[in-house]
Each structure stands twice: as structure tokens, then as C-alpha cells.
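Two complexes, one shared chain (subunit A), two partners (subunit B, subunit C).
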Partner chain A sequence: MDCVVTGGNVKVLAKAIHSLSRIGDELYLEPQEDGLALRSVNSSRSAYACFLFAPLFFSRYSTPSGHAFRCKMAIKSVQAVFRSLASLEKTVEKCHIELDGQKNRLTFALHCKYGLLKTHNLSFQDSESLQAVFDKDSCANTLRVQPRVLVDTVVHFPLSLEEVTVSLSDERVWFRNHVEDEAGNSQSKAMLTEMCLASDEFDHFAVQAQNSITFCLKELRGLLVFAESTGLPISMYFDEPGSPVVLSVTDSVLEVNFVLATLSDDPSLRKNNTKRNKAYQGKKQNQAASPPPPDDFLNDDMDSYLIAMDTSIAPGTSAAGPPSPPSANHTYSHQPAVACHRTRPHSEDEEEEEEQETDDTERPPNKKFRSLFFGSVFATASQMTNQTVTSQEVLASDSEDDTQTESP
Partner chain B sequence: MKFRAKIIDIGCLNHLTRVVTTISKLTKTCVLRLTADNLFFVLSGKVANGGVSMWCELSQVNFFDEYQMEGVSSEANEICLEVTAENLSRALKTVQNSKVVKVKLTKKHCPCLTVAAELPTLSSVSRVVTHDVPVDVIPRRLWHEFKEPSMPDFDVSIYLPPLKTMKNVVDRMKNLSNFLVIEANLNGEMNLKIETDLVSVTTHFRDLGNPPWGKDPGSQDGGRSQGRDPDSMAHARVDIRKLQQFLTGQQVNPSKAMCNIVHKRIVHLILLHEDASLQYFIPAVA
Partner chain C sequence: MPLSTQSQADEGQYTLVASLDNARNLSNILKAITFKDHAIFSATPNGLKVTVEDNKTLQANAFIQAEIFQEFTIREDSVGFQVNLTVLLDCLTIFGGSTVPGVTTSLRMCYMGYGYPLTLFLEEGGVVTVCKINTQEPEEPIDFDFCSTNVTNKVILQSESLKEAFSELDMTSEVLQITMSPSQPYFRLSTFGNSGNAHYDYPKDSDMVELFQCTKTQTSRYKMSLLKPSTKALALSCKVSVRTDSRGFLSLQYLVRNDDGQICFVEYYCCPDEEVQEE
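Right after this comes the complex of A and B.
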């Protein structure tokens, strides 16, 4: 791999790195045919970000022919290369990123004014490809807005606020801070902030489903840092609570996608969602027929929620696939996102629980981020482009799954 | 019980924000007393907050373009609310450039002080942001706890040096000791001292001037400061963090700042601004 970034694009690259550092601790770097992909995922795997810089972004771009190279490294070390954005803009004329195959180092060389040359040799780890599976085009709601509008919106929320709720109507969008109402008294002490934006502040406003989603603010702030500096509009794609929201920024030479998990807090809402829910019901029956998943599902950490790999949402693959063969992995791979936070194999209990949830309103609502689906395998380049993955495995999990404690 | 107020002038909004922010640096929660003419932010000296108390008085006409309130009853035309000062400060801070800000007492999921602002936009419809700051309505039987503290019968009253200078001194001293002795006389001299086993540090201020309280008809005549030897110092030992908090947090740029000392009892700090005043009481420790 060998690429050169010049002029103002160095700052864009630097901003991208800083933006990614808000997501996770590791930077996944993969030179692809269609450009350099920089990705990151957070530790709970509920947020994923990908920056794809097209070959035209670079003044020179060449990928290794023959074998695919991909690696990951601590994002802090890459951030150190681009530490001071202000001085970067003034002094750096050219940034040369090169793989030193012999020393196994990734070299960032900053060519500065007055012939100054700063070279950073970063060690890296080989890694699997990191890929979230999502489909922007099938989302019911699409909004596109100038970054300034969102910056002016999030400024009203405290930095300590973790999650924000976005609600849609035909003409307006509301941003509210999301307050956990598990402890009744703590809710009453929290300040509630609400911001209302009219639809004509948006460049594009297409709402098919008037619903509200809740997601983490931190990652949105990360993307805003990038979008504001480049002045590119942000598009939001989302469906229902529980399925991921995609925030994207595109330009002729770059494509940025942030995929964030959303909270699914309302069981009744889940019932009302027709298409996916039907699939979910169907899957539940399938699940009942299939044998319990292997032990590692049951022995999942308590503070965990599941990330499964999934091919069913990928374009071209039908969500209502053929009946699953009795392979546990396969069962999970075909579950739509809706069902993903329930990892319990005992379907009878699960159904009971469902009823309980709808009947018993006293209970605190089931608040969990539904997991995102990640393909994370050694896959060939051709497989990556159509976003399908061959093998399925559960990678990691986070968030409390209290249903497991109750299961026998 | 009704309360509704409106601010259009950006200078007034800015000023109110600074006052509330100053208060939020001094205390987590305080009591907001609303009367027909004034707003008071009150902290009564409880052991839980280290015995410090605060009294901040704002004249409503100087801040609000519209101000309507209806108290608990016609004879007790007041509203007393416990509020988290930081929430209120943050709500006001984020609406600095708005066209109009309304502050209302509302009933949402709980009683709230709602700060609603209309923000300028390019579009035809304004952006509206609302902050619901939860409050506790204080019942009338507890109101007596939040009356204006009486002026202590001080030994010495003195004008303070520039607060920034004083802050720099206190900040340094805080690294050395937890307690500070503040002493002053009627000759315009004030000393800030710390004394530990290892080190004693004193900063001397001179020619500060003493406020002419005694000439004020009626109020302090015959007080302890009368007939006092101008050179003898009155002193009080206080928790240095409380003093530092006061000096760090203040954002009102007072026209006058003064300090009254009751020997070994209390330090009473007063910041005067043309339309706001802040009093802060720090008890002395042995």
C-alpha cells in the first residue's frame, strides 16, 4: 500500500481520524480497490464508523496486488500523528502513508514546510475485516441537513448526556434528551430539554414512519466534528426503534457511514411494527424447532449483548429465507435485527415473558440497545463489496441481559 | 401560584445568566424566592453545606421585559422553589443568542421552571428550545428558613482588593493549607494568612478603605466597630475551599466588593452590582 495525501485533504484525513477516535480504541485500516477504508467500532459493538476515501482523494493511491492487506492499530497512535490540527493545516504539505513490508511497519510521513520531514512508524496487527451490515436505502425515514443545524441543536444538550431521542412528524423533528426512568426520583431531578426543528431547515425531509429513535449522542458529536469542518451535509437514515440508525456524509471522493444502535424501549411499538415483527414471529417458531444454541450463548457474560453476524439484511438476500437448518449459528444469522437482543434459546419462556411485558406496565420497560450486526471475517475483496459474509460467528457482546438470569 | 416572565434584551439575559452561573458555582441547589418586585436566590446555612449561607437579590424590572406572578395567596404573594442552580444556569447559557426567552412555572411530570427560547433561523419557522428544570415547591410553613439574613454586628468592615488578585493569592495558599485566616482592621489593612507546621504565609493588603457603615442612619450605630482601635485586627479562620469557591465562581464583576468580619465568628462577603447584590457568609472555624 502506498498513498499520498496533499494540501487540504491532509486536514480532512486528520479530522476523520479524530472523529473515529470518538468511536473506538482501534483503527481498522484496509486499502481496497475502491479506496482506503478506515473503520472503528466501539467496545460494546453498538456503534460503528467507516470512512472510505476514494482513490481520487489521494494524489497517488496504489493497493497491493495479489494479497489483500488489512490491519488494525491503536487509534491513539494514529491520532498522535495528526495531533495538532491547527499546525497541521499551516505546516504540512503532504502526507505519505506507506506499508513497510520488511519491517512490518505502517509509515506516516508528514512533509512539512522548510523541508521538515516527520516520520511515524506505527506497528500494527493483522486483523479481520470489519464490516457492519446495513442498508440505507430501505429505511423509511431519510433526512439530510447541514451540519451547522445539528451543531446548533446538540449544543443545547449537556456533554454528560449519553443518549438523545429524535422524534419525527410530517413537518417537524424533535430532539429530546433521553432520561432513564428506572428510578422514579432520579427522573424527576433531571432537566429535560427539547428542541424542535421545522422540516424546511432540512435539505431533504422524507418521512414515511412517524416514530422516534434513541441513540448515543457521543458518536453523533464525533461525526459533527468531521462534517462541520468539511461543510458537507449529514444524512440520517432510520426505521423503527431498535434497528440501527445510519448517519452518512458523502462527497465525490469520500463516503462516511456511522451506524449506531438505537434503544428499543417500547414493547408495544415493537408489536405494531408489521413487517419485521412478522418475520420475528416466524423466526420464533423456527427457533422453537431448532436445537438450543451452543453453550457459549448461554454462558455469555451478564453484561453483554449479542452481536451476531447477519446476511439477511444485506441487499439481495431475502429476510424470509428458507427454513433454517438445525444449526444454531444459522438460526441467529437469519434473525432480523428486531429479535437480536434476545439470545435465549428457551422460546416458551420467552413467549411468556413477552406476555408479561405487555401486560405488566408496572415493570420498567425493556431498555436495551439492540445490537448491530457485524461481519468480521477474513473475506475476499469481492465478498466485501456486496457486503455478504460467508461464515457466521458471535463476536462480542455487551449490555445486561437480565432475561438470562431468569432462565433455568 | 403562577409565574411567567420574558426577556428580550440580550444584555439582560446575559447578566441574568452570569448571576445564575455565579450561584451555581457556590451551591448545588438553592431556593429561588419570587416576589412581585424581586427574585432572591437563597442558601440557608445548614451543616450539610458547611454552614455557609448566601443571599442574592435581583430587582425584576432590571432583568425582565415582562414579569407576572401570583403568589400562594394574596397576603403571602410569594413563590418559593428549590432549584438546581446548575440546571438553570445551563438552560440559560444555551439560549444566549435567542430572540426571546420565556421563563415559566409549569406543571409537567413534576413542577418545572421552564425556560423556553425562540432561536433565530434562516427558515420561516423559528427553532424552539425548551428546558424543563425540575423544582420543588417549598410549603409555606418552611418559608421562615429563607428570610434575609440580618447584617451581623461586625467588628471590622473593609473593601476587598480586586477579586482576581485575591483569587490568585488564595489559589496558591490552598495548596499549602486547608484553612485560611482572614484579618482586617479599620485602617484599611487586610491580611490573608495561612499557618501550618511547616510554613506561615501572609499576604498584606493596604489602603483598601473601610465602608462608612457607621454614618448610615440607624442601622449600625453603636455597633461593635464603633470606638474600635483602628489598628487592631479582627480575624476569622475559614475553610479555604469556601473562600476559593466564592472567588473562582463569581462572574458578576461587582462595582463594590466588601467584607465584614465578626471576630472569630463569621466572614460576610458582599458583592454589589447596580441591579444585583450577592451576600455570602462563611462561618469561622476554631
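Right after this comes the complex of A and C.
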């Protein structure tokens, strides 16, 4: 492979690599007929990203015809080539990428201002083709939005937040921080942040299934950095909870796809939510049609949201995504009712309301919150209201098998 | 006890008195050579030279000419002593070393002679601090015997271009290899790290290269850990002269402009790591 990137495209390439570094530790590089593909996948295989730069992106692009060549390398070492992103635009005039299969070397030569030439010779490993199986055309919901809108939305979430929930209605989209239901004692401390976007904020808004999905924020942030610098709109394609969400950015010379696993929302799995592994097995049986993921990922804590990942050459992108669990009644469905609240602390009253709304199918009660309440009851021991009765019950139900004893 | 009368009484006894309106002019340049605690001070009527060494393989010198000081009085041909550089720097910045314009610490540095402490009078906003730092027996600095007649290759560059290279250097590489040659690749910095190797080539006709005098192709390797401290001097400097002699010893001379636009020099000498056969 031999290609040359010039001018502003060098920065686009550099941003792409930084964006990929948010996904995984390794960069998979594959020169294809239709362009240069850069891919990465995270260790639990729940997130995958692919940047395909068309031959026109380059001022020169040539690949050895005939035999396919693929390699992978530590993404850190490629990142080092483009270390100073800020000065890149001003200093680098041309970037020459050359892959020498015989010497096993990938060479990045940066031709900079004042004639300075920076040459990085990186070693690499041969690799299998990395290809996620997804089909964005068959997705029920499609949204397209300018990156700025999403950046302004996501900026309100703390950096420590891992997952975000996106809920759809006919004319609105809600972004909400995801709070783990099963981590009962964290909920009283949790702050819910919710942003509501009207459909007219979107360039394209096609909703067939009104549902909610939860996925990792880190990768979305990575894509946003890229999309914002290039000013290209982001498209979101998704179906039900549990099946992957595809975030894509396209242009005439590049195509970017981020495939992220979403949290499975099967109510039967929810009930056993203390046992993630069970949930995973349940899902896996549903997945019989798709190739099972490699064994070493079984123990991973992300495994309940696995994407089926094909490590061999995929026969096109025709294969439908991993069959999703039956969508059934979403436990989320009640939540748009409380939508449009801006950043609000999770106060006791609201907690109580929600608890009553969703009572019997839902989450194990919140231990910390309850014990605080119990303490106050002791202080004013005379007034035993209905509320305190429920709260005492709940306190006792802290143990594992509380689901049976839940409803009176 | 009024300070002024005492110092006047002592004035005649000091062998060295140096005053600065802005102590930062001294502290900044000393920071550029701070990689070991002990610094050898040697003063002559021309000015002050401060030397720091590491394991007999690296030496850094800072030169502060007599003209930089508002007052520079020396009663002997040369005065030498050794002090703890970290302590000295702490004293020089005892008022916080603020960079607010108009707020400066003025300094009067006095030394009475062998066996006496180095006395610093520091004043900022009417507050005076007197610091006395014990001096030590001065060690003899290593003579790297780097003389200009043995220099084979010399390149003077704008520091800006080297700063970028040094900030990007692959620190997983144990050595930095410097190649200087009258033909391609002219001036090359190379690293050999975990993920591969990297080369930075400067053509001799670049706008960043001010002078290019190479007589012979020479490739030498220097321990990255030894060159690391020199980046402090590089950061302060506006020009750098890179020289190697026939033995492969490296001399880096930095031209540093202080707050008042005056020029000082910092110099690093470094031993090569090993002989490299020319290709």
C-alpha cells in the first residue's frame, strides 16, 4: 500500500485515529479496493468502529491488487505519530503512508513546514479481518443530527458517566444518564440528568418504534470529537434495546460507523438482574442463529451486551444483526412521563411516585434511601403511616430473594 | 538593628557581591540546569558560571555575564564555592516567584570567602528576607576537553523546531541518535522504541537552520535519560547550537533571552553511549 494525504485531510486522519483510540488498544488497518479501512474493537467486543477513507480522500492511493493484506498494531504508537494535534494543521503539509509487507513495516512520513521530515517506522502484526455484522438500513429508527447539537447535549453529563439512555417518542428524543437499577444503594445518591431534544433539532427524524436504548457514552464522545472537527452530521440507527446502535458519519470521501452494544431490556432478564451471567445465557440462547462469540469473552462483565462479531471475512454486510431478545413490555416505557425535567436531584417524593407506578415488576428497593427513612420514623415513632409500613417491608427485602416477597 | 548599617559595615569584607533588580533573571536560568542538587559556582570578573554534573557523563553550565547584574564586585581573580542548588532556588523564589508584571524580587548576593555561607538579601514590596546557605568545598568540574578546533560538525537551529521534536520523542527509546552529515540526511534525530523507530530530518537549507557546518558524516547515540534535563534549557532558549567533536561528544549551547531582553548562555556536554559504525 502506498498513499499520500495532504492539507486538511491529515488532521481528519489524525482525528480518526484519536477517535479510534477511545474504542480499543489496537488499530486494524486494511487497504481495500474501495479505500483504506481503519478499525478498532474494545476488549469486551461491545463496541466497534470503522473508518473507511475512499481513494479520493488521498492525493495518491494504490494497493497491491490481488491479495488482501491486513495488519494490526498498538493504537498508541500510531497516535504518537500524530501527537500534537493542535499544531498538526499548521505544521504538516503532507503525510505519506507506506506499507511494506516484506520488511513488515508501516511507514508514516510527515512532511512538515521548514522542510522537516518526520518518519515513523512502526512494526505490526498480521491479523484477521475485523468486521462487525450490522445492517443499518433495516433499523426502525433513524435520526440525523448536527454534531454540535449532540456535543451540547452530552456536555451536561459528568465525565465519569459510563452509559447514557436515549428514549424516543413521535416528536422528541430524551438523553438521560443511565443509573444501574440493581445497584440499589447508589440510587439515592444518583443525580438524574435529562435532556430533551425536539424533532426539529434533527436534520432527519424517522421513528417507527418508540423505545429506549442504553449504550456507552465514551465511544459516542469519541465519535463526537471527530464529527465536530469535520462538521459532518451524525446518523443514529437503532431498533430495540439489546440490539446494537449504529452511529455513522458519512461524506463523499469517508464513511464512519460506530457499532455499540445496547443494554438488553428484556423484563424477564431484569427480574434476575442481580445475576448478569444468567441474563447473558438467556440472551445467548436467543442468539443461536448468529456465530457465538469467542469463549474468552464469556467472563467479561460487559457480556450481557455482546455484539456478535465475526472475525472472518464477512460475506458483505448482508447478514442481519444478532437477533434481539423479544422486545415485550419495556420497563422503560413509563419514563417519558417524567421527561423534560432538566437536571434534577432524585428527591424522595419522586422516588416514591416512581416506586408506586412501577411497583411489582421493578427494581429491588433502594436500601440506603430506605434506611434513612426508617431512622426518621424511629425519631417520630408515634406516626405510623402507610408509607412507613412499605418502607419497613422494603428494608427487610434487601436480601437476594426479595423478588418473591415484594408485593403485599 | 538596621540592616543597611550592618551590610555597609560588612561591605568591605565580601569577596563577591552581585545584585539583581529581578531575581528571576538568575532563578530561571538556574532552573535550566537543575537536575542534581549540587552546583559549583565560580565567579570571575567576567561573570558567574554555575556547573551541575551527573555521573561524570553529563555536565551543564550556565553563564551569567557580569553585565546582567546591576552590581557585580569581585575582589579576587576567581571565587569558587559549592551550594545546594535546590535550596538556592527555593530561596530565590521565597516570595513565590510571581510572574505578575511590575512585581519583582530584587536580590543582593554576597559571599565573604572560603568557609562562609552564601548570603542572599531578597526584597519584594518592602519586605526583606535574609537567607544564609552553607557552602561546601568546591569540587573540580570535569574537563570534557571539548575544544572548538576538534569540532567536526556544527548546526545552529531555531529552538522552536527542536522543541517540537523533543516534545514528541518516543520516550520508550533508550537512546537518542544524532546523525550529522554534509550530505543526506544532513541533521537527523532518531529514536528506537517499543513500537518501531522514528526519524526527524532537518534539511540544511531549512529556514529553521541558521548555520550548517558539517565536515564528516557522524552518528552517535546518547542516553535519553541524560538528554532529558536539557529540554528545560531548550524550553527557555531561542536558539541552539548542536556540535559534536571527533570523539562523538555532544555539546548543546542554548541562547537564552531573559525578561529584560539580555542574553545568557546554557551549555550541556554529553558523552556518547557507544560507537556506531558508519553506514
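FYI, the second predicted complex is superposed on the first by the 264 of 408 C-alpha atoms of A that agree within 3 Å, B and C clash if a C-alpha of one lies under 4 Å from a C-alpha of the other, contacts with A are read in each partner's own complex, and residues count from 1 in each chain.
Definition applied: a contact is a pair of C-beta atoms (placed from the backbone, for glycine too) under 8 Å apart; a residue touches a chain by one contact, two chains touch by 3 or more.
Predicted, not measured: the structure shown is a model, and the values here were computed from it.
Student: With the two structures laid over each other on chain A, which partner does A:158 touch: subunit B (first), subunit C (second), both, or neither?
Tutor: A:158 contacts subunit B only, not subunit C.
Student: For A:190, using the defined touch cut-off, is the partner it touches subunit B, subunit C, both, or neither? Pick first, second, both or neither.
Tutor: In the superposition, A:190 contacts subunit B only.
Student: One more residue to check, A:105. First (subunit B), second (subunit C), both or neither?
Tutor: Once the two structures are laid over each other on A, A:105 reaches subunit C alone.
Student: Just checking: does A:84 make contact with subunit B only, subunit C only, both, or neither of them? Give me first, second, both or neither.
Tutor: second
Student: Should A:116 be classified as contacting the first partner (subunit B), the second (subunit C), both, or neither?
Tutor: second
Student: Between subunit B and subunit C, whom does A:74 touch in the aligned arrangement: first, second, both, or neither?
Tutor: Once the two structures are laid over each other on A, A:74 reaches subunit C alone.
Student: Going by the contact definition given at the top, which residues of subunit A touch subunit B in one complex and subunit C in the other?
Tutor: On subunit A, no residue contacts both subunit B in one structure and subunit C in the other.
Student: Looking at the complex, which residues from subunit A come into contact with subunit C?
Tutor: Its residues touching subunit C are 73-74, 76-77, 80, 83-84, 87, 91, 105-106, 114-123.
Student: Name, in rising order, each residue of subunit C that touches subunit A in their complex.
Tutor: Listed in rising order, the residues of subunit C that touch subunit A are 161, 164-165, 167-168, 170, 193-203, 205-208.
Student: Per the contact definition, I'd like the list of subunit A residues that touch subunit B in the complex.
Tutor: 152, 155-156, 158, 187-198, 200-201
Student: Note which residues of subunit B are touching subunit A in the complex, please.
Tutor: Residues 84, 87, 90-91, 94-95, 108-110, 112, 119, 121-125, 127-134 of subunit B touch subunit A in their complex.
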